[in-house]
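So, here come the structures, one by one.
In what follows, subunit A forms one complex with subunit B and a second complex with subunit C.
Our next item is the complex of A and B:
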């Protein structure tokens, strides 16, 4: 294809725009990485445009002196528990939505889509009094349950879409050869669905890992990472804030990088 | 789900109409709230922020979608990079932009060392509230345009190539194609994007709380303040109820007047 002058100009404009977009997203991320490891004295010198000396001190202080390591573990605990409960409840629902025609199926689906839109922070306040009555006040399990309420509609929608993408013929073939329905699910459908389910669980992980309002209202002492940072960030010196930003961003980005192929698909499902 | 969501809603209503000290049913919490200048301010700023941020996000997401629709070398990478903020929490996003905009942040340091500025620009602090608002808008656009983009980009891919080719045959200009073909076919996606973003905007919290504190009050921030700092669950419940009512009303209005496609399918 011959390249015309107008075409070249157009390509230059497209690439200029693309570079601008990439910079807009990546530069702030790069700068927080830089600041997290910069020597504080350089930060306070306003004539120094970018840091030149680096240290692990900021991250170290944040994690092991200010206790963010402990809240990181709390966050991990809450996220994993959220994944377990929301899959235990949501996977069967997603499977039956994909496989069976039952009365009220459409109503059920509409209800789930509606719930997904529900402002979940509203739940945090009443949950405090409810948890006081049932002994879950100030516990991470309580936070995980609230996060389950938040992620369950997504889990149902995502898993049902994954199962719908696996032909029912495979299961039926398995059953013809003498598998029970449960066995057919476990040995035929589940292995096929596994990559998608893994991506879905990463999606839930990120939701829980990033959620701050419910977590900071429900637990006051032994907090999750974002809730902890929300309180301590306001009082900490700036270099520690940057270290906090870095610590929060890193795990989610690693996970997304691993599962990037599937995640775009999963996000596609959640917003349809 | 009924247990998870239904019962807490009933409990919210009960709490919101219960007197904090006597425990009797009352409108006291709402009276107190309506007399509080922070409530009206929070209402104003929540809607103001949504009103500024959402149009910017939609325009930006639309622009990036149209760009990425032209397949060029590296467009896949741009798409992936543009989605990164989806994984970043509002707390982290606030800190990321604080890092750039604060007094000793990169913006001031670079501009001063280049000799463009003599004195730093201040974005934070009560006396710079308008600048704080700008910082919030930048952070929200950076953080949450991706979700609008995902919806619009998916919608754009469904616009059939045949229509655009037919338009080419009849000599339509780029603008005419956009105005009369792409935009009408994109309407359902735009509506979904608007609905989701508006509902999220009513819950905006951590970005505001970290960057502006109560200088710029928002509804979710006030809920947090009453609950965690003042330990008054009843007024906090009244706030929660108001956020829920606004969300439900907005959702209802969207569905009634715009009829998003996903409910028709």
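Our next item is the complex of A and C:
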């Protein structure tokens, strides 16, 4: 790569910093992956810091013998339901915040952020009481609703900034040329907002996928993956814990990988 | 193609009256420009006609159809936006075709019309590109093509040339005007650029603070401004103004006296103080000679500043406390500080009532 005169040292420092940051993030992931597939005898062998023989046994035990496959599906279901509900509610709210001036608009925004001030622990007990009364306790829908409450403020604020970033002229042009406001939104604004919305959905997915506290309090039988792992894998041998870590990380990584292109577009960088 | 009639239109934003009792009729096929400084309500008026905003009072008619509260899509209008608003997620072809697709026009006809418009605006080779691959001028052409393919009743344009560079702007001015004459579509065009307005319009409506100050042809608003605002807004350099008190047919300013011929007496009757206006090009340096047959009145002042512009020169002349700008050909050379005799063209003198700011002649 060509470098300006006198900037060689600067480039070396930048690369060094980049490598450091990447290592910081990748090293634990690498450790998890290696240990998750290591043959237990090699894992416990002190002479082999890096295992050489690999097996699917650990993941298999976790998923099928300990039955984590069911909680994985539960987690997926909850995450997707959370995305659906929080977008169904958050999208129109974000749109109105971006497009319309109304009294109390700023107060409303502040209130939305204010919601996030309540510690989950404080909310969990009243929530389970209410859930018991209305029959939502121990259901995945209940967990999804709780996760929606957690992610909704975020969805409202981020979608409103996404919509605010799309010039209203595009939509008005649509209306002038024969669309109603709703059609203009669906056929002009929504396709333009899609990258940003995809990025927002990643955050919601990961938030729901990782959330362990509410999920363990609200559900006993239909556990989500983090809640399940917390209970069943805690006392299991190390390789199983690493397998659990792997199973936790993998779907999130796949999801991010698919939506990565959009995520980066939101931040104004384009990948070639 | 329709006649557009606005009756007593009022639009308020909170306490601000953006459009204040506007009455205007635009004839079938006419090109009318709404001209005024920023914030004068011209764009809001256009948006009321488009239906993107709804008025608080008044009516809008397309021919005899009351469209005041119809949504934009039921008005059969098109609009060219200042930002062009060419949809970024569609190719040029799809951008032009989209309004027709919405109107469920048959595929073949859509194709024919897209090609016709592309030909007309010379963007044929751009049809497969995306907007981010286009220059400002090209986007503007796409926006115009999109606006004309649906054969609108009314074509609305909101400062469509303001984002182009000077040369392209001049070129597009004449092209848009020719296109409008060819299509014979009723057109309402908003701009703050007086040259653009005067060059393009059949009639110009000059607006200020939400009101229409004068409607007329370029010749009318330039030569017979109805009030002080229009006189000052139209023309560059600006018209010279000075205040004068009246006695009989004599005007007395703080620095000089003008004794006007008898025929001004009738106009000046009952007036105490008036504002006198004269354009820089209607003042002649006496030594250059005065065009034959022009009735003038002479004054003398001192050259205070000179702005050479190449083809013309603007001389700032001080007569006592009063500063007059005089436009002379660039070949006329003067020096700073010297005395200069000038002659004001009496036929081009404008006199305004100081209180009402309306033109007396």
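The rule is simple: the second predicted complex is superposed on the first by the 238 of 272 C-alpha atoms of A that agree within 3 Å, B and C clash if a C-alpha of one lies under 4 Å from a C-alpha of the other, contacts with A are read in each partner's own complex, and residues count from 1 in each chain.
FYI, a residue touches a chain if its C-beta (ideal position, glycine included) is under 8 Å from a C-beta of that chain, and two chains touch if they have at least 3 such contacts.
Since this is a predicted model, take the numbers as computed values, not measurements.
Trainee: Applying the document's definition of touch, where does A:178 land relative to subunit B and subunit C: first, second, both, or neither?
Mentor: second
Trainee: Could you tell me if A:17 is touching subunit B, subunit C, both of them or neither one (first, second, both, neither)?
Mentor: first
Trainee: Is A:74 touching anything from subunit B or subunit C once the two structures are fitted on A? First, second, both or neither.
Mentor: neither
Trainee: Touch check for A:248: first (subunit B), second (subunit C), both, or neither?
Mentor: Only subunit B is touched by A:248; subunit C is not.
Trainee: Would you sort A:46 into first (subunit B), second (subunit C), both or neither based on which partner it touches?
Mentor: first
Trainee: Given the superposition on chain A, which partner contacts more residues in subunit A: subunit B or subunit C?
Mentor: B
Trainee: Considering only the touch criterion stated at the top, classify A:224 as touching first (subunit B), second (subunit C), both, or neither.
Mentor: Neither partner.
Trainee: Just to be sure I read the superposition right, which of the two partners does A:25 touch: subunit B = first, subunit C = second, or both, or neither?
Mentor: It touches subunit B, and subunit C stays clear.
Trainee: Would you tell me the residues on subunit A in contact with subunit B in one complex that are also in contact with subunit C in the other?
Mentor: Touching subunit B in the first complex and subunit C in the second, no residue of subunit A appears in both lists.
Trainee: Sort out for me which residues of subunit A touch subunit B in the complex.
Mentor: 11, 14-15, 17-18, 21-22, 24-26, 28-29, 31-32, 35, 43-44, 46-50, 110-113, 115, 117-130, 145, 148-149, 152-153, 206, 209-213, 216-217, 220, 226, 229-230, 233-234, 238, 241-242, 244-245, 248-249, 252-253, 255-256, 260, 263-264, 267-268, 271-272
Trainee: Give every residue of subunit B touching subunit A within the complex, in rising order.
Mentor: Touch residues, subunit B against subunit A: 1, 4-5, 7-9, 11-12, 15, 64, 67, 70, 72, 74-75, 77-92, 95-100, 102-104, 106, 108-110, 112-114, 120, 142, 147, 150-151, 154, 192, 195-196, 199, 202-203, 205-206, 209-210, 213, 220, 223-224, 227-228, 233, 236-237, 239-241, 243-244, 247, 251, 262-263.
Trainee: Across the complex, what residues on subunit A touch subunit C?
Mentor: 167, 169-170, 172-180, 188, 191-192
Trainee: Tell me, which parts of subunit C touch subunit A in their complex?
Mentor: Residues of subunit C touching subunit A: 50-52, 71-73, 77-79, 81, 83, 85, 87-89, 98-99, 102-103, 146, 150, 156.
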